[in-house]
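Next, two complexes with chain A in common: one pairs it with chain B, the other with chain C.
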Partner chain A sequence: MNVAQARAAGSVDERPVKRLDVMNALSGNRWIRGTIVASPLTILLIGFLVIPLSYIVWGSFEGSKLNFSHYARVFASETNLNILLRTLQTGFIVTVVSITVGYPVAYLLTKLKSRALSTISVFILIPLFTAFLIRTYAWMVILGREGVINNALISLGLVSAPLQLLNTTFAVVIGMAHVFIPMAIFTMYSSMVRIDHDFAHAAQILGAKPVQAFLRVYFPMTLPAVFSAGILIFITAIGFYITPALLGGPSDTMISQLIVTQMTVLLNFELGYASSIVLLLVTIGILFVASLFIPLEMIWSSTSTATLDEKPRVAARLFTRLKRAMEPLLRVTESTIHTVTSPLLTRQARWLWAYTVLVLLFLTAPLIVVVILSFSSSPFVVFPPPGLSMQWWEKLAKATDWHQSFFFSIQLGAAAALVATIVGTMGAFWLVRTQFLFKRTLFLFSLSPLMVPVVIIATALYVFEARLQILGTFGGLVMGHVLLSVPYVIVVMAAALRNFDPALEPAASVHGARPLQTLRLVTLPILKPALLTAGLLAFLTSFDELLVSIFLLGRQTPTLPIKFWGDIKYQIDPLLSAASTLIVLLVTASIITVQLIRDRHNKRTSTSIAE
Partner chain B sequence: MSTSLEMKNIQKFYGPLHVVKDFDLLIQPGEFVTFLGPSGSGKTTALKMIAGFETPTSGDIFLGSRSIVDLPAYERGIGMVFQNYALFPHMTVAENVAFPLTVRKAPRQETAEKVGRALQLVKMDQYSGRYPNQLSGGQQQRIALARAIVFNPSILLMDEPLGALDRNLREHMKIEIMRIQKELNMTVVFVTHDQDEALTMSDRIAVINEGRLVQVDDSKSLYGKPKNRFVASFVGESNMIPCRVDHAQNGVGKLTVAGIAPGAAQLSGQTDGAKAWLFVRPEHVDIDLRAPAADAPNALHGVVENALFLGEMTRYLVRCGDETITVKRQNRGQAHFAGGTPVTVSWKSEDCTVLN
Partner chain C sequence: MNTRVRNLAFGAALLLSAVPFAAQAEDVAENLKGTGEVVITSGGGTWEAAQKKAFFDPFTRDTGIKVVLVPEDHAKLLASIKLGQPEADITGIPGGALKGWINKEAVEEIDYSFFADNTLAGMPEQMKNKYGVGALVSSAVVAFNTSKFPDASKQPKNWVDFYNVKDFPGKRALPKCEKMLDGALLEGALMGDGVSPDKLYPLDLDRGFKKLAEMKPNVGRWWVAGADAPQSLISGEVDIAAAYNGRIFKAKQEGAPVELSWDQSLLQLDFWVITKNSPNKENAAKFLAYISQARPQADFAEAISYGPVNNDAYKLLPKDMVSILPGSPELIEKQVFQNYEWWNETAADGRTNWDVALERCVAMLSQ
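Take a look at the complex of A and B:
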């Protein structure tokens, strides 16, 4: 017997008694459901970002005293002004280098079949997810006085004394480029992969030389991708702390270092606030200019690429004028490039492959150096190592301080990932599933922890949590990490939800599933791979995090990055290599595991129909 | 196992947009009713209101004798086949079919039995361990059907279920769905924009246009006696020729057709002097070489503009003054008229109707 009939058979006109299922009733109401889903994210963003930031703004002019002299000091002091300019300069150089180096690789990736693609992506993903600290450490090993490069140059007889490579601008640019190239490749690739190569084929069949087809058809279509990757890298780069602090010399100081020094060493809080606000304003300014050219959300989530129905942006008009002016020059360039490259261009794109292999080598070699160094017999960081031994691994096995840090970081990462995944997933449901005004703005706002330089978030939370008296507690630290990782969860989950077949939930509902049953039996199981990815990203974000931890740690066990940071600054020895190797292995294993689970799930549930 | 469904004066507004207007419809137990209409006509909205995904702005819906408008979808006990099947990709075929029973917490034994029976009914019993993406479109369709009927729903809704299938499979599934419906004696509401599906499968067809029920009738009356121009042109092919009613008597009228020729046709309520349209199906029009002095009623002189040979029949377009008349003639070895041939087209007065 079916339920409906049994009830209908009962008595005429008597509505069935509704079950006293509070949760189901609540989740049935649109407004209540909206509020429940929206509140965690809203509370997090307002409570732990907006309010702390306003503290800083308030503090930077000493509140009601309206004392703006600290801003004057930022600009009046030649040192400070120089640091600001150098920050922008370094950021710009690093951005241009990363984009230029990454573009051909991203281009090649768009042409690959799935097998080759996943092989290459592993080589890019591993560096991408390796902690900044470890990668920077690797460059210290490579560029050091007895590092790979100096030893190689000396043994080749090219130089007689080791070159000063470390603590130079060159080292900073190399180290940061190494950090940002994988980011550039993936950001550009995810939008470029949507561009059909048939456009270029069409151009060629219509008579364009390969160079023309590329320059006039394909390349202009990739410009939004290039631009958004550039913005992402630039605003991250100008807030960068670890690499310039370890690889640069005194003249390479960047603004984040200045702020950290003022806040922790000089205890010059107001100047620190003012410098933070200046950095924040620069970032906002850049984002504003960028928003004239591309939709901002494209920078962080490639899913919402520029839609065609939007009115042509300033960029389009600008480009048309620019193109017309450049026409003669372009023609000359095209024909020159064509004559030069046509003998080199082969169908197999061998040159592109060779280039890509070189880039991959640049990306992975430092990690390999670290792994080899961990087996060194020397007590010093010398490369190549004079002999092999397990001494550093044995030492690591006995180092209880490292063990404590390791387990503390795992705990912290797990807690942060759990909270961030729950808050971010609910937020993504809210942002994707409900209709309301300013949805785009709110989506952007929910990503703002990625836009605000980390050092500012760290300072703001420090002041704020001190007020709340949760500074130095585990909870306070977790909240800091949740704030930083929630945007990644939102980006991943929003993409997954946008691809979610809208008929599945009604199908569950009409066949008798209550809202919570639908969530448990249909929605969440289908979102499982996305949830895993989001959780892993959140965990890795927390596991790598240095600045916020430094500010919020208090007297707790140092996290792994803080432990690493402390050691790297005072005694750089191969023990760090052993620790790094271990971390890289663990991270790689977790990435591969999640990837395998995803593949299995996708293979089973992909919407394609078997013939 | 079937229930009647009644929609009483249903209205649906989306803001100022009136998408469903004055819906009054009683579907008998065991009846197969099709909502037929162009896209955007409101037929899917009407179906969603029955399923419980949309709430009517006003009006009431009864399943049997019970009002269901205030029930959420999951308490209505309705089976539904979705346009793209909406099979749960992470569940096997058996799990998908068992879903309505699982969420109702049916005993395992009973579930297994019912799932087995439902899969047998759609002839998919050997596929129960597969995942939906390992099945072809037609197979997915069968599973969706099995899932919708496994819990003996009081009524089955189908939202353009054949739209995604290729032509042969569609023909086959039409017959399968009819067989299963007869076997279970289910009440079915079927939504489509495809008139062939509607004409073949339904006991009654509800033609919907701009949110309104235009005509509810069985296939034959709908095709033979459309109530207005919309139905006439949406269901099947038709000729619409402007005409004037000169003299009306007992539902039959003497007319002037296309402003020149005399004619006679059945009226649908027109009076003397009314300007209206003469409706006649192309297969009811005869075509012949122009007879010099034929001044019989319902005959127009024209020239063949275009003759399309379609195998079992030929389709002529004949230009008669300002009008183009479509003629379909079975090919039984008669003479063929090439383009440019002067011809006369004519039809019997009982085969044509005057529509407003």
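Take a look at the complex of A and C:
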């Protein structure tokens, strides 16, 4: 089995040798390599997910009592099912909106040179660093009855009475899309950047209209990126609850909120556990069904040859037939789109730029509100502020507890991002590059930290780490954050690896590179954009994480989100805006520094290549 | 001259009445001295700041026992209690939750032997529960934006006015379902429908939810965090709100155009509990005995404007302060006690009234 695998995978460079003993040595080597690559993710998944989650499953029927009444209660009430359906529906809308809005921006990014790219990325990154609680409050300011939008509409005479924007599903979608659009852009960009625009170019030279070249050549190649971003967003979105709770109306209850209430208000842990298991199963079920229709496995299968070898699945065959039947209709649609968009597409870049600026404006709008609020003379969050003052900045300068929290969060985020990127990247290599049974299941399972409501993960890890006696230690906290950020790393890296030309590594080894040299000089440099995206997403996940930190913190310095949360629970004042603004300023400065260093590095490497 | 004498006399009287308490505080501290630490959950923000000033710092100074704070999350705390290694020795819980914690065997009995006699004498019976010591008295009140209701004679003053959209037009703020207990959602609706405060319990759920359903189109904000209610009044999102008195008072103090009415306000009680198998049980009892004294209670009430659990604290507070503390002798006539026993009553299927009401609330609101 092993030898056969090695033969199949390594056929390019090993065929000329064809000597059994060498093959054996290599396969042994491969086996060892496989173990090394697989073990970190396996240990993380089993140690920090399977064991804690089995505790939850065990608890959901009260262990040996085998009391399934909690499950009965989950299904007995129509309300629970309605809330579950609504959660899935909201998650779906948010996913579609984020992907659709983000796609053109990611497309533009792939065409940009480094300077413009850095500028835009900074604008996309900034909102990500504004603590989510603050962002949500900024949206309340913007969407409120006497908020920015309503005031503008009324003064323009467009409406006579304020529109109800806040406390609606609309507000929830806006608030959540704001969180997910940057994530959509970055995950899609990290694999789209590796697609050659010359393909679409070639299609146009061969007579395709620009629309056809895009829809039939470029777009299909980006599908893996789109799907991986979509899955990531969907499963993260359905676990959200603080944003919907603050922005939505009473009918916008999400399932996680219900679970949190069951556990923290009703103190009914077993019911909370049962609800979470149901949610997890429903999510995995949906993804599995979806994988029958759309190529979910494109995220990690390294080449499309696998699908060619296999018999096409029923759904796929149906789809192909449908596509053929639709062909005339498709042509008509394409021509119509072409006639409509051709005046736009000729100046495509300018049009895309205008669109991108609009998206960036949407992304930075809450931040603008936050910055203005930090200079408010009022002790309350009123917008526009009645006057300007530096009082909140002075307060912040004196608040040493805020400074400590900030540095602790940075430390924690960096540690978690480092570990998560290493573990996740090795895991992605393993999941993408080797063949084994249950690969799809394992892939879905490795994403489950995003599917299980965070409060459940937090409780499970709490109990688990207490048993291991690492509760309240820095290492214990880092592991909690690693667990939550590894799925992002895996999805980003798997999508990038799919676009990785598998011939490059054997080529390097043919030219005499040792395995580690190949890794250092060929594989990792090519994966650099994806690695940076993955590391950044991991850092951000940790930097913005609230619940797991509360559970695992012990007596360490409170993290920044805990600090924000503690203050916001009792009082909303512009000090939070000042703190948020400061974080964004620091982050912007560090991103720009990193970009400058990278620019210089790139310039150096390109000159050395030229030489 | 005359007034000066009177002032002096008044001052002297005040001093005299204060002296015994001051003396007492020192005596008690002697008996409460100890070593080691006591771990308390903390909510952060202004809340923590007030507790630090009134309770934590003086306690450490007078007794030598260190206070350690950990972030508050009751799910976490219960998980740690289940493991037999409670993460904190003391936590504060809403009155409605006490029964649940007792049923889960998560709390220790309180050792009242550390409490001084005059502390115990100052505390009303319900503050000295077998398993919990009263922490503070708060109220869910009707609050409004004064710029929307400038005329003092036409301001909403109780739940009847809150539910009267014709005479008091404007958007309302109400708590979401998970806050229905502390936000007085059902009690408010029933009193708004004309139920008299003394006949409130047992709550008529059908009638309450019917009233809420009628009100739904006029609700501009369903809040989840206590700070949301004043914020939505200040930002103009709503004109009248069901809110916690402390939040409204604080906003008003800082100059926000908000006001509250005590009429028909719902009186609520928070408890301090000692976690099961707490390793610092004795220090925890000492801490509770210390902070239940009149002086710390008065300091805390002054900092955050929630009512003290020791009636002697009123004597130490400025007069204008007393008149705005929930549960104070001046206000208690207008207020209604929340009946936790009713909320925790269990039906044959093991579900409490709170479970049933919560489920119905979610069902009604998510339509």
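By definition in this document, the second predicted complex is superposed on the first by the 332 of 611 C-alpha atoms of A that agree within 3 Å, B and C clash if a C-alpha of one lies under 4 Å from a C-alpha of the other, contacts with A are read in each partner's own complex, and residues count from 1 in each chain.
Methods note: contacts are C-beta pairs under 8 Å (C-beta built on N, C-alpha and C of every residue); 3 or more make two chains touch, one makes a residue touch a chain.
In this text, all values refer to a predicted model and were calculated from it rather than measured experimentally.
Touch criterion met: A:Gly554 reaches chain C, while chain B stays clear of it.
In the superposed pair of complexes, A:Arg498 makes contact with neither chain B nor chain C. Of the two partner chains, chain B is the only one that A:Val510 touches; chain C does not reach it. By the touch criterion defined above, A:Val522 reaches chain B but does not reach chain C.
Contact comparison for chain A: of chain B and chain C, C touches the greater number of residues.
Of the two partner chains, chain C is the only one that A:Asn82 touches; chain B does not reach it. Residues of chain B that touch chain A in their complex: 1, 3, 51-53, 63-67, 70-80, 82-84, 86, 88-90, 99-100, 102-104, 131-137, 140, 147-148, 151-154, 157. By the touch rule above, chain A contacts chain C in their complex via residues 77-79, 82-83, 86, 140-141, 144-147, 164, 166-167, 245-246, 249-251, 253, 257-258, 260-261, 263-267, 269, 378-383, 455, 458-459, 462-463, 466-467, 547, 550-551, 553-555, 558, 562-563, 565-572. Across the complex, chain A meets chain B through its residues 1-5, 7-8, 12-13, 15-16, 28, 501, 503-504, 506-515, 517, 521-522, 525-526, 528, 601, 604-611. Residues of chain C that touch chain A in their complex: 42-48, 68, 70-71, 73-76, 78-80, 82-83, 85, 87, 97, 100-101, 104, 171, 176-178, 216, 219-222, 224-228, 231, 234-238, 247, 250-251, 254-256, 354-355, 358-359, 362-363, 365-367.
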